[in-house]
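One structure below.
Chain lettering (A, B, C and D) follows the sequence in which the chains are written, and residue indices restart at 1 in each chain.
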Amino acid sequence: MKNTFGTNVLTTIFGESHGPAVGGVLDGLAPGIPVDPETIGKKLALRRPQGAISTSRVEADAFEIVSGVFNGKTTGTPLCVLIPNSNVRSGDYDAVRDLARPGHADYTGFVKYHGFADYRGGGHFSGRVTAALVALGAVAETALELRGIKIGTHISRLADIPDRAFEDLNADIAALSDRPFPVLDGVAAEKMQAAILKAKEDGDSVGGILETAVTGLPAGVGEPWFDSLESLLSHGLFSIPGVKGVEFGDGFALAGMRGSEANDAFVPANGGIATKTNRNGGINGGISNGMPLLFRCAVKPTPSISRPQQTVDLRTGEAAELAIPGRHDPAIVHRARAVCDAVTALVLCDALAGRYGADWLGGTK
Amino acid sequence: MKNTFGTNVLTTIFGESHGPAVGGVLDGLAPGIPVDPETIGKKLALRRPQGAISTSRVEADAFEIVSGVFNGKTTGTPLCVLIPNSNVRSGDYDAVRDLARPGHADYTGFVKYHGFADYRGGGHFSGRVTAALVALGAVAETALELRGIKIGTHISRLADIPDRAFEDLNADIAALSDRPFPVLDGVAAEKMQAAILKAKEDGDSVGGILETAVTGLPAGVGEPWFDSLESLLSHGLFSIPGVKGVEFGDGFALAGMRGSEANDAFVPANGGIATKTNRNGGINGGISNGMPLLFRCAVKPTPSISRPQQTVDLRTGEAAELAIPGRHDPAIVHRARAVCDAVTALVLCDALAGRYGADWLGGTK
Amino acid sequence: MKNTFGTNVLTTIFGESHGPAVGGVLDGLAPGIPVDPETIGKKLALRRPQGAISTSRVEADAFEIVSGVFNGKTTGTPLCVLIPNSNVRSGDYDAVRDLARPGHADYTGFVKYHGFADYRGGGHFSGRVTAALVALGAVAETALELRGIKIGTHISRLADIPDRAFEDLNADIAALSDRPFPVLDGVAAEKMQAAILKAKEDGDSVGGILETAVTGLPAGVGEPWFDSLESLLSHGLFSIPGVKGVEFGDGFALAGMRGSEANDAFVPANGGIATKTNRNGGINGGISNGMPLLFRCAVKPTPSISRPQQTVDLRTGEAAELAIPGRHDPAIVHRARAVCDAVTALVLCDALAGRYGADWLGGTK
Amino acid sequence: MKNTFGTNVLTTIFGESHGPAVGGVLDGLAPGIPVDPETIGKKLALRRPQGAISTSRVEADAFEIVSGVFNGKTTGTPLCVLIPNSNVRSGDYDAVRDLARPGHADYTGFVKYHGFADYRGGGHFSGRVTAALVALGAVAETALELRGIKIGTHISRLADIPDRAFEDLNADIAALSDRPFPVLDGVAAEKMQAAILKAKEDGDSVGGILETAVTGLPAGVGEPWFDSLESLLSHGLFSIPGVKGVEFGDGFALAGMRGSEANDAFVPANGGIATKTNRNGGINGGISNGMPLLFRCAVKPTPSISRPQQTVDLRTGEAAELAIPGRHDPAIVHRARAVCDAVTALVLCDALAGRYGADWLGGTK
């Protein structure tokens, strides 16, 4: 569905980097969920560029809730949020508008849209559009928290610098929630930021791996086959610009294990059933098993770098050299964290509404 | 959509491991595509257990085309294929029916379906259902070949034994097409099979990584955001039982590169545009760039192993030990290859039909 | 979605009139719903041709449940039903295969499918496919009955002969449930059957109007705008071959009323709220108001008539005269009743599952 | 999908009557379609209240295109339009906020959304939201016109006053296109307006029937069964507030005909095939046959009337009398015309994009 995603709780996004605004519509979420502009603002702040390690294009991210909220709570009807683009310097791009930036959608978008797309700043392909996802995701996260479900993401590795592993999940999630650079180990965080600055000095960029944990999700959510939780989550996560890999539980490492190691043994726990290990990331047969969800996203290095690159002129078809002007992020991994949390929340709200009904996530039960 | 997937070309699957049949419906594929029972049979044979390295439950995979084919060609209306289950020994499971098999969907399915699901042989969660995907995928692959698009998958690693990398893609795809054990390097193939047999001796199982290449896909297919090619393909691929990771191009390795390394430079080529490298797996911004698609799936080791495992009785909630009886695969990676090809073909037919119209894949233009 | 319909409870149909079978898949219905072959058989019998007033092609409608039922109850996974075509006389059509039958899909199907479609007996466009809808609908009706929701349809007018209006809805629904010719007033029923026989004598056919009532549906089901109950139901009802009009409540008659007459006044009732009249057919703003649903479908006369008709040869493009051979129904209105009930049940199960969750319709609460 | 509709060309709407704005997102329309603000403005003007026969709440309908248009043409990415609400007098509703207005969604919305919905002016159920449909529909109509497809709607009956039938369709469509009161016969138009004024004097309202014609649609568009053109169009049309009946071709009148009368004979025409009559409204078997589409919508009288009505207090459950304050339309039929055209255009763009591919409707071929 292109720019709309979901079955019962649907997310629609729109906007271009240098247009008047980006925005999104969240439809099907239950009525009665508190919508606190401050909560949304905090999530947007986590996505915003941060000091020297980010682009100098910093948007205020003032946002307007156009619909769907009444007396501070969701109405149950579509919630539209609009985030105006204010800090736009389109002139930066004019000189190079026909030179396809490697690693970007300039060429593929040109082919797909026959040259009619808004090329400025990547247009609709810009990471700027993720601000809308983050704003809507903030509401979805609030809904999940009403049901005891929490989401947290850290940078598990950046430029080959590892963070420590998740330990006490709920404590770690709480610690990450207001940390602009989402790393659990302080020393690792400093090293990562140094690596980002070094890449910036080199006119280059770095990538990293995001690891997400979800606690409190009940067993029995998701479907066999095409709506497996892995299918639904990966569908959403691969929508995030720069994500080129997604793995659940031990993921690719499972491929190197034997069954006796990869299987998570079942044990009785608190009147229910738990698993001793969680190598399958809380999902068996596409359905949640009550253990924490665990998954990782590989985020490639920001494609916009200032070093000269080899490319082609889209209009003439001739080879050219491109030194991308404008303001860039030497890393987006830390900013992508907020998007990852948001997408996770939106997908889970959809899966839960399908399982337990439209009202389940609301303020009414 | 649970057991239906797609937007313009839709795949629906049904059936249980020990029911009368599994099957599927393919809807929206263009009319006029040749449907050769032999082609379908060959693909099913690639999915079938093979000698000592597989389970001894070998189904004949006789299949019946119930609808949608007339005079040897697709009609354009729903194609239903039915694959009877003949070699069923349900008795194997009676003694352990309440003991949740670790790594399987027994527990999650029990929770989700309140104990009403058919537990025999995994029921609807059984890999047996993938036979229907393979049969429908064979028709989809034929459609793609009419447009010059080819798909091939090899085991790039099994139990830490690597295959050689793809080289001449079209030649490698051709070589893989009728190889029951889909490995490019003969020596590696032997080592892998030895590793499978060793695991079998140990009452254990192994996993592996499948790598897929698609050639001939034109640039401009896929959508930004939620219907990115990565989103659509991963949605389908994570539906395959045992797949726990999906990565495109260099995938997780990209997270450790710098932008100057990860970006694929554009170069003029044959009057069009190509990239010098293909680290992004033929996809920029969610849309195909005309280079070959490249992606990998991590397949976990078969969860059914004969070694005793710790588990819980679903009815009593008490701890138990389980030694799974019945016939098992010490590896499913080689068999999953056919499923991977099929899902890829089905997803691409859908994306192409959305882009170019319902007739594009047919025999009429 | 072409041959699949629904959001949470999905119906997929397949098959051709003269192929091996027609069938359908019902996905997303809750586990634990009793599936009684006799119930399905009774519904199929209501759809079957009946004596002199119907075609002499009478199918036994033996059906096979291929999946989704275990120990006599739904499993929650896809339920596939297959209905073999046994009484096929394709030879009837050979002489006229290129002559487009007026009022049928021969010409439009030829254009759409470029001549590849199975033309025999209308192929996939045949009313025969509705047998699959009826079989799946029987399961859906059982689910609804578990929640106190009942559906009944009568012929409110056939060839200008009116039936009496609905009076005591639940009694009328009960009376209709096993009546092969679904008319409330016995005298009217006789007149209608005489009119059908007269048309048959004339080599012609008649149409009629079906009126459906649904009792027990709670208030609050349906959505504003695009998933209004009217939208969902009409989408399904217009899928039934021959239906050319759908109206809710007083429907077209409302257009001639004043607001003071058309509005249904609210009154307190049994601790809740009811309406004094029910001119809006139980739906306000697209959402059920707790009153019975009431709607009507206009069914055009069977297009297959034996009188000579003017047409065109699809291959040569030349004018021709066509006297349709084979066995025809001088009326399908009474048989379409079972399809109407089935589609209504399928649509309502979907709407209820979206509103109250996947389990709501099952045998577990 | 609640507030999103379509498969390849998707429409999403949002907003409440007394919120900051209503709006919509149109996704999947081809790039290169000219977007002329004046064209959109003209369509919005046709929906706007008109003089004495309408409500005195007249919105300027200033609109903002937030995304999806670049250099005056569609980009191919989501087009968001925002229409601010300026002329809002919420105070009108405070006194009666708990009294469910008969014929409105106040009660059903209250049940569905547990009292959290914005009740002011009907909130999200308000006809005000149709302004977004009209704005998006204007772009869709432009796209269709690029392919020679034209849409026109007249009031075929209002309060029992008939307009003349369609004659020369293209001329009639052209004449209707800028007529605020869309009636073909001038005398009938005067009588209808007099009937509206009379109802207004009586504190009452009237309904009517809209009849739509579409010319230029090629044969072969639509699907059998669930995506029949009748299914798709009725789904959209029943989303329009007040529509309670939809019929295609001769619709309900067909139910009273014999087959020999209802069947449209095929005749050779201009190297193709036409039908002598068009009683089936240009659709056979759910698929367009190349003849003009013809359908009718029954629009009930505006439920907001100033005459006192019997109702119930939603909070106390007690009987009450309600005289609705505020500004009302004694008729909305003429205004609903623009919505009907818009929905038709949106549905047809979707069907055509599915048939012929994403680019088909664009400015590129």
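Going forward, a contact is a pair of C-beta atoms (placed from the backbone, for glycine too) under 8 Å apart; a residue touches a chain by one contact, two chains touch by 3 or more.
Being a predicted model, the structure only gives us computed values, none of them experimental.
S.K.: Just to be sure I understand the contacts, which chains border both chain C and chain B?
M.R.: A, D
S.K.: Tell me whether chain A and chain C, two copies of the same sequence, contact each other through the same residue numbers or different ones, using over half shared as the line for same.
M.R.: On the two sides of the chain C and chain A interface, the residue numbers are mostly the same, over half being shared.
S.K.: Any chance you could check whether B-D or A-D wins on number of contacting C-beta pairs?
M.R.: Between the chain pairs B-D and A-D, A-D carries more contacts.
S.K.: Please compute the C-alpha centroid of chain A, do the same for chain B, then give the distance between them in whole Å.
M.R.: Centres of chain A and chain B (C-alpha means) sit 27 Å apart.
S.K.: Using CA atom averages as chain centres, what separation in Å is found between chain B and chain D?
M.R.: 45
S.K.: How many angstrom lie between the centres of chain A and chain D, each centre taken as the mean Cα position?
M.R.: Between these chains, centre-to-centre, one finds 37 Å.
S.K.: Can you list every residue of chain C that touches 2 or more other chains, as numbers and ranges?
M.R.: Touching at least two other chains: 1-4, 7, 13, 77, 112, 124, 224.
S.K.: Provide the residue numbers of chain B that touch chain A in the complex, in ascending order.
M.R.: 1-5, 7, 11, 13, 100, 102-109, 111-112, 124-125, 129, 157, 159-160, 199, 202, 204-209, 219-228, 230-232, 234-236, 238-239, 241, 243-268, 271-273, 275-276, 280-281, 283-290, 298-305, 307, 309-312, 317-319
S.K.: Write out the stretch or stretches of chain B touching chain C in their complex.
M.R.: Residue list for chain B touching chain C: 1-4, 10, 12-16, 19-23, 25, 27-28, 31-32, 64, 66-68, 70-71, 73-80, 82, 112-114, 116-118, 123-124, 359, 362-364.
S.K.: Tell me, which parts of chain D touch chain B in their complex?
M.R.: My answer: residues 7-8, 77, 224, 354-358, 360.
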